[in-house]
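In structure tokens below, several structures.
Next come two complexes, and both contain chain A; in the first it sits with chain B, in the second with chain C.
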Partner chain A sequence: MEKVKEELKRLLQEGEIKGVLGFVPSSSPQKNRVFYTENPDDVSRFTVSLFNTPNLTTYLFRFKDKGKIALFLRPCEQRALNVLISEGKIKREDVFVIGVPCQGAVDPFRLEEQVDAEINSVEVKDDKILVNNAISVYIKEVMPYSCRVCEDVEEDVDIKIDGEDKRPSHEEYSKIEDFDKKTPSEKWAFFKETFERCTRCYACREVCPMCYCEQCFVDSYDPLWVEPGLSLQDIMSYHLIKMYHMAGRCTNCGACERACPENIPLSLLTSMLAHRLKRDFGYISGKNGTQKVFLGEYHYEDKGDFIK
Partner chain B sequence: MDTKDPKILSFLCNWCSYAGADLAGTSRLQYPPNVRVIRVPCSGRVNPQFIVKALRDGADGVWISGCHPGDCHYNSGNYFARRRFYIMKELIEFVGIEPERLTFSWVSASEGKKFQEMAIYVTERVKKVKDKKSPLYKEI
Partner chain C sequence: MKKIKLKDFKKALSKWGEVYIRTRDGFLKEGRLSSKKSKKSPKEFLLPREEVLLAIHKKGADTEVLEAHPSKKKVVMGALPCDMKGLELTTKNFLNSPEDPYYKKRVENTLFVSEMCQYPSSSCFCTSFDYGPSSKMGDITYFRLNDDNVLCEPISEKGKKALLWEQYPDAGEKDLEIMEKMLRETAKRLQKLNISYDFSRAREVYASSELKDAVFSCLNCGACTYVCPTCYCFDIRDIERKDFVLRERVWDSCMFFVYSLEASGHNPRKNRSKRAENRFMHKFFYQPLQYKEFGCTGCGRCVDVCPAGYDIRETIRSIQSFMEGKNG
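Our next item is the complex of A and B:
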């Protein structure tokens, strides 16, 4: 990390990059703060950890046409960048990618729920987090499911932070396959129990790098895709349509789930998409920056056995 | 028609399945009146969000039918549609909406008989679902 910081400082000083986008510690240790700087002296403040919550590619849109921006990206976030590149939204030459060895990302709300106390300190010890020097929590339990079914990226980084990639073990979507075995009413009951808490605050949309539309379908009056209100039906209509828009674009980075103040398991839906695309089309979103967007192409031999 | 009968919203491509329905009609082939038809210029015109909206607003089932692969009048509309429908179908089933409520088919203009069979099949399939209304239905 020190080597990378020195290099970033040099690049800023020599004007090779315009600014650096990353995370710095905040007053809540379970949630580092997004920070952007153009000042070489600030570079030392950046930190890389499990408590870096959002996916920084989301912020790139704010720096459009500003020059080359360096940003810290985990593998799933590099894939998100690839999607934005293949959709023509971001140019590769406008970003300087700092590859981050990933250990997964903690959901701060879930951690808060687990410890049920104000969090003053966090310390990572192997597969656990020690909170307030007293309570120990398994990292796995406070991470979105997406971190357990993470897919690889064809790496294309400009610089890399040394360190071991300690991503949680790959579970091959067993949770999704188990869920598939449930009956429709069992499935609906699960979504009723978990998604009914949704307040439609749209934090999951705001934080998503793929949700860059200037007018979102939920803000449309005509057609009125989703009625306003908090009935389970309207909540589910929102999530169904949002997920449809995510097909082949969402890289299962888990940022939406980590942003959700209601601890709604959004990554169950995003992982389901990843699972289906991989199983039935051999498609991994954002694997590289040249792959075509899933819904923007077709093959004659595509899966069609569900059509009579 | 009994009002307890299911209401099925169908989107039929103008160039094939809609003409297939016409042929079924002119050939005097009977099919269930549950199927309400919306004519679309191509299966590629069917935004899968229509399915969500239809089920939310009171359709008991949705049936989408277009030209066979290779026969789309705009060459590739149905190939794009196939991927889109696949995604929406997986989502719909994953959240627990009964799979019987959603049917896709390819029916050509010459397949009046297949149209009739499909209309019967779709209606019977929706009737089989235990709960009359889809979980996504909400009275307005």
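Our next item is the complex of A and C:
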């Protein structure tokens, strides 16, 4: 990390990059604060950890045509950048990618729920987090499911932070396969139990790099796709239509789930997209920046012949 | 002050209306009184997340308008001073002329039983404003002496009539001493910010790069506005049902793009940072200018809920130094 910081400082001083986008510690140790600087002296403040919650590619839209921005990205976040590149939204030459070795990402709100106490300090010890020097929690239990089914990226970074890639093992999509076995009414019961507490705060939308529409379908009055209330039907309409818009684009980065203050297991939905994409089309979204966008190409051997 | 068993207190209150108590999450009918501030403020008792104002019934060629009047009596038990302060502020907005009849009805139908606070957390900064953990607010206030007993007293006329106060014993000297001591300790543990703003410089602050930089991390979700006890923005929507059209009031958030989108297609706060800046400006400049009081209670809920690690206190400090730096 120190070597990388030195290099970033030099790049800023020499004007090779315009600014650096990353995280600095916040008043809550379980979630670092997103921070942007153009000042070389600020570079030392950046921190890289499991407690970096949002996916920084989301913030890139604020820097359109502003010059080259350096940002810290985990593998799934690099994939998100790749999708935005293939969609023509971001130019590769406008970003300077700092590769981050990943060990999974912690959902701060899930951690809070688990320890049920105010969090004053966190310390990572192997596969556990020691909270307030007293309570030990398995990382696995406080990260989104998406981290367990993480897919690889064809690495294309400009600089890399040393460190072992300790991503939680690439588990099979067993939870998704189990979910598939449920009947429609069991699925609805599951949604009722887990999604009913959604407040429609849209943190999951605002944090998502793929949700870059200026005006979201849920905010449309005419036509009114989704009513503004909190019935389960409205809530699920939002989430399921969002998923349609994510198909082949979402890289299962889990940022939406980590941003959700209500601890809704959103990455189950996104993992389902990833699972279908891989199983039926052998496609991994954002694997690199050169593959075509999923819905932008077809092959003769694809299932279904409606398009031929 | 009277000394009452918590159990009996709750039971007595339930004669006035349905009792909702402070839990970790929000104010609920079930659950135990928590030893923390709740994640959500009790503002939804006066301004529900979703509320039908009127229904238009289609009957063949005729229509009938049915107005919905909230009538259920509710007791909000354990609202902390920061919750109550928040409600005072929203009430200023809704009961300023013209009065909002729906809001007013809810005020009449709700008994606020506040708890003096012993639960400061690292995100709290209430003493930066003109009240604190020992402020006695609402209709009735109480102090939680221990798991089983409370010391309490009525504040408003409504509170005086709500219980048969004479039947309870007075609190002893010793109990009152414990209360004073505990409340002093609580106040000591709180962070007090220096906020001395010159409100006439609002335009300058809104245009400053200091404010823009301070709110950078904000994602413009609505999470903080929904938990904030003083955010009261709403939208009115007409919803069609089979034989009805329902006119509903639902929460809105100044953080959303469509909030400030005008019919012409122009959006004065198209830019994300402007939306976040506006939230700060409203609470720390426009509300003081309009109501002579800050629009923030220092409850810290926005700090707790923000997924981007944004902390409003950093913005408060940075604007404070902006004030000092530029005008000496």
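One rule holds for everything that comes next: the second predicted complex is superposed on the first by the 304 of 308 C-alpha atoms of A that agree within 3 Å, B and C clash if a C-alpha of one lies under 4 Å from a C-alpha of the other, contacts with A are read in each partner's own complex, and residues count from 1 in each chain.
As a convention for this text, a contact is a pair of C-beta atoms (placed from the backbone, for glycine too) under 8 Å apart; a residue touches a chain by one contact, two chains touch by 3 or more.
These figures come from a predicted structure and were not determined experimentally.
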Partner chain(s) touched by A:W188 [first = chain B, second = chain C, both, neither]: first
First (chain B), second (chain C), both or neither touched by A:S237: first
Touched partner set for A:V293, first chain B, second chain C, both or neither: neither
Partner chain(s) touched by A:F179 [first = chain B, second = chain C, both, neither]: first
Touched partner set for A:A247, first chain B, second chain C, both or neither: first
Chain B versus chain C as contact partner of A:E227, first or second or both or neither: both
Partner chain in contact with A:L269 - chain B first, chain C second, else both or neither: first
Partner chain(s) touched by A:Y202 [first = chain B, second = chain C, both, neither]: second
Which superposed partner A:V124 touches (first chain B, second chain C, both, neither): neither
Common ground on chain A, meaning residues reached by chain C in one complex and by chain B in the other: 227
Residues of chain A touching chain B in the complex: 179-180, 182, 184-191, 217, 223, 225, 227, 231, 233-234, 236-237, 239-241, 243-244, 247, 269, 272-273, 276, 280, 294-295, 298, 300, 302-304, 306-308
Chain C residues touching chain A - in the complex, by the definition given at the top: 24, 36, 39, 49-50, 121-123, 216-217, 219-223, 226-227, 235, 237, 239, 248, 250, 253, 256-258, 261, 272-273, 303-311, 313
Chain A contact footprint on chain B (complex, rising order): 48-49, 52-53, 56, 69, 76, 79-80, 82-99, 103-106, 118, 121, 135-138, 140
Chain A - residues contacting chain C, complex: 23, 26-28, 31-36, 53-54, 58, 62, 108, 116, 118, 120, 199-207, 214-216, 219, 221, 227-230, 258-261
